[in-house]
Amino acid sequence: MKEITDRLRKDKIGMAGLIGVLFIILLAFLAPVIAPYNPTEMFNQHRLERPSTQFWLGTDEFGRDILSRIIYGAQVSIMVGLIAVGIGATFGFIFGLLAGFFKGWVDNTIMRIMDVLFAFPDLLLALAIVAVLGPNLRNTMIAIGIVTIPVFTRLVRASVIAVKEMDFVLSAESIGIKTPRIILRHITPYILAPFLVQITLALSIAILAEAALSFLGLGIQPPHPSWGSMLSDARGYMELAPWIAIFPALFIILTIFCFNLLGDSLRDLLDPKLKS
Amino acid sequence: MKFKVLFILALFICMLFLAGCGGNNAVSTNGEDDISNSDNNAVGNDSEESNNENNNGTTGENMAAEQTLLIAADQDPSGLDPHKVTAHSSIRITGKVYEGLLQFDDDMELAPQLAESWEQVDDTTYIFKLREGVKFHNGREMTAEDVKYSFDRIKDPETASIGASYFTSVEDIEILGDYEIQFHLSDAYAPFLSYIAHSSAAIVPQEVVEEHGDLNQEAVGTGPFVFEEMVPDTHVILSKNEDYYIEGQPKLDGLKYLTMIDESSRIAAVRTGQIHLTTVSPESVSLLEANVELEIINYYTLDYNYLGINTEREPFNDERVRQAISLAVDRNELINTVMGGDAQLTGPVPPSLGNWSIDVSQHEMYEHNIEKAKELLEEAGFGDGFEAEIGVPGTYRDRVADGQMIQQMLAQIGIDVTIVQLEWGDYIDAWNEGRYDMLTGRNGAGTDPDRSLNFFFHTEGSANVWGFSDEEFDELAEKGRFEVDQGTREQTYFDAQDRLLTQAPNLFLYNPQNYIVISKNVSDYMPLPHSSERFHDTYLSE
Amino acid sequence: MYTYILRRLFLFIPVLFGVTVFVFLVMNIIPGDIASIILGTEATPELKEQLRQEFGLNLPLYQQYWNWISGVFVGDFGNSLRTGAPILPEMLNRFSLTFELTIFAAIISWMIAIPMGILAAVKRNTKGDIGIRFVSLLGVSIPNFALATLLILILSLFFNYYPPVGYVGFLEDPRRNLEILLIPAIVLGTSMAGSLMRMTRSSILEILGQDFIRTAQAKGISQKMVLFKHALRNAIIPVLTIIGMQIGYLLGGTIIVEQIFSLPGLGQMVLTGINQRDFPVVQGTILFIATIFVTVNLIVDILYSYLDPRISYD
């Protein structure tokens, strides 16, 4: 582990990604301290104002401060990302492990259910789940989480099966050591790289999915801001007041970019085949 | 003199038309002729013939060769049965193909359509004299038989027509002759004639209904335009009714409604000249005003945005609480923020309905008085405020915005509001069930105050989902319904409206405008608040 | 090989059955019903009851499902409740659009991603690499709807251009058809290019790090030769996985561009179906999309074994 952090420190691109991600997480945590205004407060006399010294990033159609909304929006967007991916990764891990261990009907049942989920286009599945549960922050996270389960399940299952076939596992088995314990111990290093990369990918997908759901009218509850809902609300004003759209878009891009940089670097670092 | 000039002009255009190989390219942008040629041969052929006629005829002003009006519709029509559809996207199509006995004119007054004249024999008997020689688009003449059939169809519960409830008091329909028909009512139902003019009271031919089973996919009426084809999520094509009974109408060869849900696309398409006409939202108006190629027409609709309150729930069953909410909501602020300043104050009967509506600006419930609101809450025992939920339909920007603004306004009197954004299907359920304390929404007030008042707020009213029940209001609203004297009826409805504002089961927020962008070469086009558009005299100039 | 394909085809049955059951349940749990949606404020209990009766919504659930699925077996997907139009021909029509758009977008994304991915791998950790990664990620990071709106705005304001209105099929008018689909395909294509670029980059990197390449390099074979002869062929497998997923993703991911650019595709049909609670439409279209999705996955798997003899299915 120490080796990894050491190597990450040397990887400038990866560091840049990490710093970016930390910056946004910090933004989310410190929102109440650093946001200049209440993100839902409407300044009636300042609707659709350009960026100024009073409102650094301008105001939206209700006269709300865009900077404050972006800072608070970081909370929502990061939370959607982390919790949704947390749900997907956790359940995916459990299902994948079970399917890989037990083979037979357990494997079959789990994988067929995953196939069913997988056969739906992502956005449609999320849409259907949100429509069933009702559009709000919690359900958006659940829906996006469910959508990401099958990918994680497949990933973990494949790794478990691969580890099971490895020589040392087979030999350990032959001398009577129980397989589950060995696999649990040895699967971690094997699965870490693809798993982490998948997590960074899924985080980006989650943030974008939230934006897409907002666009389709199934986003989080107003007046609370998320970057996705801010951007989709700003669509009608792109020409009249472009700053309403530009800033949330920039933050979405920045976040996803950093997640991707970090993911790429982690992948390079953790994959033993790429040591060079 | 004028005629001579016109004649020469027409001749000139005609020559141009004959000389220039088909002449289509000269005027229209390349997109347009592609459409009428490739998509529908029927329209294409028709248009060439009728261009000749038009240009030779007396109507020849500076008409363009291509006379297919391209309209971008913001919603796809859902079905075409005039007796069943409720969506505006459908009604704007059926309204061109079908006609009723009566119609509303530009001033919202009753005017003849398929009925040449009408007569009220006594309080409960009406006789309509039909126009002779009117043909359905299948060539058969329309007679009193068809009128009877159509109303029987509307009243038949099997049809599930929305018009069934409008004509419950119609007891008996008697054919007096081929062109004469008599309606007998069970009581002196005052709104009868305005429902006769409603778009759902269309006259349809029996044989077409029987051939197709229903009228969802097929449309054969007597109107100025003939239904050609409907491709879901793509377009609806209507062509000119060559046998229309009014000489020289319509001038257009056809209408093409293109479904374009996205507003930025509609704006781009009208800017680049690919379409002639579309609707836009208030926030986009300022972007298009400066464009010399385009013209913006705006008018007040018959709709209003509202905040509905569930009057059966604690504490909203206390009228003082509702009054406090009404006093706390600054309607002018809503108009400024949500509608860009371009809407008007309204009561349950919007001002665009004419004489029926009262002036609300002086009403005590509209004065936006926070102090008074707080006092009322105090009196009601909620001086410390309370929590409440507002349901908003996520599909509609304006109604979500109303909710957000009202949330802020009610915070000033200590009401802590949570907004619940609902998916459309869920919202309709919530509306029916009264699931939330409050809902934002929009109502079509209809063409008669009977609908605006009885339908939405009478204890028995079928759209009274608010659990509102007030004897005094019920009495007034019923009295208006059966009051034949126009003056007395007006006064009764004024009193009813006043009572409703004071009781505040709903807050009537504003009466919005519709904005229609047309390109400059669309001439003689007039939108109407109730049917959205009339293309009888419209034509495309060069 | 054939037994493998047969076994996979056999597995379609439980998966697709699961899909139909899932969709059926979802459509029944979703709050809101089509009768209320059609009637809106005009709803009276009698009217609503009449419509529900007409639509067969009052039958017991298992019977509704049975009526639907037994129709599907004989190729009858039923009629849309909203418009009364038969679903199957409509679906096939729309599929041709969505499929064309998908392929178009996929080609655009390949044209961007594969050369860029190779370049980035070769120039690993240089400014060029970072630049390419940034640009290709830009496409992924902007939500499609924002990119689409931005493009529409820029094209109409500065170039007085908007794609022709009114969709026509490729067979009717190929030029016009391609012009209509170009901008939407660019929007979709750029959003797909990022992940494909990443995959290309890392597979090439991985291959470049492998012994046989190193040997080749040591033997003095030129960099270009190494890249094109050895690295590319070996890198194609993981790239193919992404492409397979991409096509599947695009088939469903076109919803938003279809709506913005007014394209009558499958995505719009599903969306309207869900919004209007038109359950035969939703069930039919999703079953259709799922079938295509699993088929594409199967084709990708079969392609693997052709491209990589090490993979065998038995």
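Quick notes on this one:
Chains: A, B and C, in written order; residue numbering restarts at 1 for each.
Following the convention adopted for this analysis, contacts are C-beta pairs under 8 Å (C-beta built on N, C-alpha and C of every residue); 3 or more make two chains touch, one makes a residue touch a chain.
Only a predicted model underlies this, so the values are computations on that prediction, with no experimental measurement involved.
Between the chain pairs B-C and A-B, more C-beta pairs are in contact across B-C. Farthest chain from chain B (centres taken as the mean of C-alpha atoms): A.
With centres defined as mean CA coordinates, chain C is found 21 Å away from chain A. Rounded to whole angstrom, the centroid-to-centroid distance between chain B and chain C, based on C-alpha atoms, equals 38 Å. Measuring from the averaged C-alpha position of chain A to that of chain B gives a distance of 45 Å. Residue positions 30-31, 149, 153, 157 of chain C each touch two or more of the other chains. Across the assembly, chain A contributes 131, 134, 235, 238-239 as residues in contact with two or more other chains.
For chain B, the set of residues that touch two or more other chains comprises 264, 423-426. Across the interface of their complex, chain B is touched by residues 40-42, 44, 47, 61-63, 130-131, 134-136, 217-223, 233, 235-240 of chain A. Interface residues of chain B, counted against chain A in their complex, comprise 263-264, 281, 283-284, 286-287, 333, 336-337, 392, 394-395, 397, 400-401, 403-405, 407-408, 418-426. Against chain C, the residues of chain B that register as touching in their complex are 31, 34-35, 38-39, 70, 72, 76, 78-79, 86, 157-158, 160, 162, 164-165, 214, 216-217, 231-235, 256, 258-262, 264-265, 267-269, 271-272, 274-275, 423-429, 432, 443-444, 456, 462-463. Note for the complex: chain A touches chain C at residues 13, 112-113, 115-116, 118-124, 127-129, 131-132, 134, 201, 204, 208, 211-212, 215-216, 228, 231-232, 235, 238-239, 245, 249, 252-253, 255-257, 260-261, 264, 267-268, 271, 273-276. Of all residues in chain C, only 11, 14-16, 18-19, 22-23, 26, 29-31, 125, 130, 133-134, 137-138, 140-146, 149-150, 153, 157, 194-195, 198, 202, 205-206, 209-210, 248-249, 251-253, 255-256, 270-271, 274, 286, 289-290, 293-294 touch chain A in the complex they form.
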